[in-house]
Amino acid sequence: MDYATILQILDSAIRLMTPLLLACLAGLFSERAGIFDIGLEGKMLIAAFAAGAAGAWSGSVWAALGAAILASCALAIIHGLASITFRGNQLISGVAINFLASGLTVLLGQSWFGLGGRTPALEGTARFPALALPGSASLGDVPLIGPAYAEVVSGHTLLVYAAILLVPASWWLLYRTRFGLRLRAVGDNPASVDTAGVSVMGLRWAAVAITGVLCGLAGAYLAAGLSAGFVKEMTAGRGYIALAALIFANWRPWRALGATFLFGLMEAVANRYPEIDLGPVMIPSMVMAALPYLLTVVILAGFIGRATPPRAGGQPYVKER
Amino acid sequence: MTPLPRWADLVLAPLISLLLAFAISALVILAIGQNPVEALRVMVAGALGSSYGWGYTLYYATNFVFTGLAVAVAAHAGLFNIGAEGQASLGGLGVALVCLALPWPHWGLALPAAIIGAALLGAGWALIPAWLQAKRGSHIVITTIMLNFIGAALLNWLLVNVMRPVGSMDPASADFPPGAHLPTLSDMAASAGIAWGKSTPANVSFLLALAACALVWLLIWRTPLGYEIRAFGKSERAARYAGIAPVRITVIAMLISGALAGMMAVNNVMGEAGRLVLNNVEGAGFIGIAVALMGRNHPFGILLASLLFGFLYQGGGELALFSSIPRELITVIQALVILFTGALDNMVRLPLERLLARRAA
Amino acid sequence: MTTCRTTAARPSELTARAIPAARQAAASGTPPAIELRGISKSFGAVQANRAISMIVPRGTIHGIVGENGAGKSTLMSILYGFYRPDAGQILVGGRDAGITDSLSAIRAGIGMVFQHFKLVPNMTVLENVILGAEDSALLGPSLARARRELRRLAAEYELQVDPDAVVETLSVGHQQRVEILKALYRRADILILDEPTGVLTPAEADHLFRILRGLRDEGKTVILITHKLREIMETTDNVSVMRRGEVVASLRTAETSPEALAELMVGRKVLLRVDKAPARPGEPVLELAGLRMVDRAGVERLRGIDLTARAGEIVGIAGVSGNGQTQLMEILGGYAEPGARITGTARLKGAALPLAGTDAAARRRAGIGNIPEDRQAEGLVMDFAAWENTVFGHHRAAAYRSGPLMDGAAIRARATQLIKAFDVRPPDPGLAARHFSGGNQQKIVIAREIEQHPALLLVGQPTRGVDIGAIEFIHRRLIALRDAGAAILLVSVELDEIMALSDRIAVMFDGRIMGERAPDAASARELGMLMAGVGGERAPSAQPRGWRA
Amino acid sequence: ADPALIFDLGGKFDKSFNESAYTGAEKWKAETGGSYKELEMQSEAQREQALRRLAETGANPIVMTGFAFGEVLAKVAPDYPDTRFVIIDTAVDGPNIQSVVFNEGEGSYLAGVAAATASKTGTVGFIGGMDIPLIRKFGCGYAQGVKAANPNARVIQNMTGTTPAAWNDPVKGGELARAQKAQGADVIYAAAGGTGIGVLQTAADEGILSIGVDSNQNHLHPGKVLTSVVKNVDGAVYDAFKAGPAVQPGTRVMDLKSGGVSLAMDDNNKPLMTEAVAKAVADASARIASGEVKVHDYMSDNSCPAQ
């Protein structure tokens, strides 16, 4: 494996990481506030669809982004109604949202575009352009660092940088602001927040809304950043992987970056090496295809201790029985 | 606020929720320019209007009963098994290995062997996350998700490279020997002199599913093991105080869960397909989660929820087959049913409680 | 209890409904700090509060007593805006305070320390204190100010806590300090404390009361709920007695007596002293030698315990909590924390008892009963019905089996019998444990373990948070079990309880037994010294751990 | 009686052969003014239901797309001797069954020839959906064509996944295309359903060429898709509908010679089809047609001579 290959794999890993990271941070806010969310997949999917549809109609990537956020938030509101206002089962609500997104996207897509659930391909201004960071051209000749900067750091779309910046931003919000303190508290002991005179519902709604926005970004990145348009079921299980990464990350922002990067990296490696010939043994493609999942299990079993979810997670807040 | 009387809790509230779900579905149907009344007619007629429809409804319901029970047993132990999908697909492998191993003379012999094969492989696949959770603290939600993918890769590889007869285009195993074909419910009805549900896939596995419901009920609510599973699921600390070993319960509960998921394969692989095909579980493992949650993890509730989903599957299938409504509408209806009966049920319950309380007062 | 002072109560007072304090306040012209008018509240079918009226004058400590489930906590939660009353009015300083939620209560100057703390366990003290009372959107300035403020409050009220300690690592005593600091930080004028001493050592409790008196002397108002009549008598100015959701009397503390209050609470005469015959110890049931335990984190929790408990005696283990008592009981109960290293020998009725094994079921079969310290987290499955809980831990016993199944009828019959024998209220075996009051939950646990007729009974904090009627009952049952020939190992932070029940008292400090005393010879002071690691047969190895009163 | 068409699980608008079948049926409808019944599968168990229900309504002939119908058809067809069945993509014996099989290998071979000739780097790529025999057949024909045109050329092969998601993951398709480009590939052939859309998109973005599959995908990125391997499913459906109940039983092999498979040539890819490429493709076509070149069928022995 030469240096250029390593850079290419890292470059690919960052792209593959981004939707996972956005969804993972989305889940982090919700679950840190005590609302479990297995509906990340569905929110991403409907956001991707909305981005595809709005982008196709308007030709503007900003319209696509806005539509993605709105659509994702609409589903987030359903989840909030079910799990906050009506104190329903958060897992059921998440499952329902995934089904809903999977059905609605194709149903609407078919009736709007007649392409079997696809949206027309997005072109030009309807897509996120790759950004060349300052200096990526001039630094290109510096050995080692130059190519790394040009290949890996520069040349991604806006949402990639946004996603990465969202990690320190989330950390700051969670650990350095009043809102974050309250949010973490409401996920661990909502009664403490309630007796401190702060609205449990308000906080949880805010968290769910943030989740909606971030899933919207993730979906928009899929449809208008990584590819150009919506294809049915195009999230392909990334919402579940993001959930796994969230647990892997023990519900912490920086670790979420690490976990999702690891997933991205493993997928990039498996993409690059569909089979690995190790002389006497050949790692078959089946193993390489399952590599990200196999490694996750191995790492989890070997290195990561017990994950401790927010204590009040998954339970509706009920004062009076 | 007084709690709802039992009849309202168990019948009235879910019924209203269901009606709400259907009402919204009707709006969706209207929105795509179709006739909801006609759609409902097609669904009901197609799923429940004939022995033929019932044959399919029961077939699908059978799948969901197994995966629903699997999710429920794990849930009683406080474990969220998202891996029923993978466990059921491994169960399919178990069934196929058993059925292809011998030229079975009669299904009566093949069935118990296949059940064991399915249960063993399903349980074995569940053992991995169970052991990792119990011994290493690896979160079972992640490991079961991962094992779904790994199982899919494994089956893909086996079917394409090992089990596929040479020259066959289909990534599927060879056909099972005739002695391993399970009698369908219509065969059984016919031998009792009743013409019922000709050429539908519902088969003797449905009875197996009913038996599984009864056994799971006994297990959970009538045996010491079930008592321990429930206690552990409610409070791990209390369980340790009571001498209930966490590792043992985690492993046993997941083994039972995986075995149940695996046994689904008796229905679809042995009873319907007669061979192992790629992606034979078709998402029933995930439907199992919804079914278990809606059925409140109780076997009877799971049976009802499975029938409901069987109805939606078959009725929806008919709708998509014989009308111009796209098949994704069914997914939307399913979503709405899950949402209203499962997650938004308090939306109905709370006003109902108020109403009944006012009437009582 | 044994140490209750007896003041004769005039009969007329026992039924008095007059509120002398109110009259006094009205006379002086200042409006009372709190006035409750006709507060009612029901949870489903349970009427927790019934048209309650109460007046709390400014600058007083007002006690509230009542049996478990009488509705004390509910009433206070309403006052704090946590629950909304079905009917009634709350006046603060003579004006309708419009208390609809905790925020409005806080604004009205009310602070509350709940019976079950409302702290975020994995946050620091500082974060818990400022939660909801932050100055601005950014935490930095708030934290800095709170740190200064906390230092001031700590100095002023002797409320030292490490502001950066994570709350779950703190002792309950310190956690309570955090709760009080939270209220003071919010400049509460009226402080409600719901059973604050249930979890405190005597020294910590004394400390708390010093603080409360200091607050009163500053003109603040304190409402104190407790089951300990001694505390009422020593600390409060006025006291209200609640029974079944109603206030049955409000009295001036100086004009009443523990006996009178007890009778008002329970509605019958209560014996405040444990009557027991001298012990007649028999053969040793439990013999421990050199028991050591190192926990998973590598901390040595037990440093060589030698202890014997004989048939027919109660061995009390006194000590500040956190000195290894929990570990000792868990090891004997067969559910030591996984990964702990345990050495030493134990014999049960002469036969070797393997300590390293963690099999609580086997311990039960061997005849060791176990009443755990924490009934809600360990002794009961809160979502199980009472009848299911009455066999918890014994559920595999032959008596409750029919073939491979559990014998539901036998278990229910057993439950009905236990509920009757131990006067569990309500006597409904189908009710989930969660829906019983704390005292009745404890009765279920105690009934289950005692009626198993163990050879050795491990008892941890048997009467924590339990009302005096129930305490009396529980004490009698423990003594009856002793008289029937069982050995009992009793751990309690309640020195009164240890002295009243024990036939022998061992004091634990820092994983060691500091010494043994007979209850008659033992003065509370001497025991207190031992608990602090001072004196005793062995010199303490380290700086006194676990003591800061 | 009306004819009927059953689509496999991928759905009517899969941008692949189901859609192609639909096009054929629509063409027939437009031409004759007739009507036909259509069904879309949603689960494995429905195959039999769909066949029987259609047969009982009297539809004739009944056309179905996809090898997965093979088993069920063999079971159902004898029960309806008066109905003709047409199955696409696999061979089933029966007096009332017409099997239409395509020689995807030949079409892919031509694609390989075109790719190798158009490639400047001597490295070309293949991205398949799931690792199933059908896709290997595509890949094998392609590799043979590449080697035939340039024995030194390298073929990089990737499959997208092992779950049904593999067919609908354009993001993964795009990343695989980038990875192949990074390894030097400058022409990539995608046989991966919806995933292929991502491959074609990325190839266009990255300035390399791609080859579409099943239906003509040249128009998706005009001037950037080298060509498409077209399976004439629409023709097969059209023929069957036109023949009506008289459709001939037996196996119909749709190969290069019969026009069953071909490379799409249109205005969109005209600039790409340089003289050299066009000539190489024409030569290879002629040699296959004459029998001079025999494209090895992966299915015959589960192996491929060229890798």
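Note that the chains take the letters A, B, C and D in the order they are written out, and that residue 1 is the start of every chain.
Rule of thumb we're sticking to: contacts are C-beta pairs under 8 Å (C-beta built on N, C-alpha and C of every residue); 3 or more make two chains touch, one makes a residue touch a chain.
Fair warning: this is a prediction, and the values are worked out from it, not measured in the lab.
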item: Longest centre-to-centre distance from chain A, chain (CA-based); value: C
item: By number of C-beta contact pairs, the top two chains; value: A-B
item: Chain C and chain D, separation of their C-alpha mean positions in angstrom; value: 76
item: Whole-Å gap between the CA centroids of chain B and chain D; value: 35
item: Chain B and chain C: spacing of chain centres that average the CA atoms, whole Å; value: 47
item: Sites on chain D at which at least two other chains make contact; value: 11, 131, 162-163
item: Residue numbers of chain A (touch at least two other chains); value: 110, 117, 237, 285-286, 289-290
item: Where chain C touches two or more other chains, by residue; value: 44
item: Chain pairs that touch, as defined at the top of this document; value: A-B, A-C, A-D, B-C, B-D
item: Contact footprint of chain C on chain B as seen in their complex; value: 1-3, 218, 222-224, 227-228, 230-231, 234-235, 237-238, 240-245
item: Contact set on chain C toward chain B in their complex; value: 44-45, 333-335, 359-364, 370, 372, 377-384, 388, 392-393, 395-396, 401, 404-406, 408
item: For the chain D and chain A complex, residues of the former touching the latter; value: 11-15, 19, 131, 157-159, 161-163, 165, 168-176, 178-179, 182-183, 194, 197-198, 201-202, 220
item: Residues of chain B that touch chain A when the two form their complex; value: 28, 32-33, 80, 82, 128, 132, 136-139, 141-143, 145-147, 149-150, 153-154, 156-157, 286, 289-290, 293-294, 326, 328-336, 338-339, 342-347, 350
item: In the complex with chain C, residue positions of chain A that touch it; value: 175-182, 184-185, 188-189, 191-198, 311, 319-321
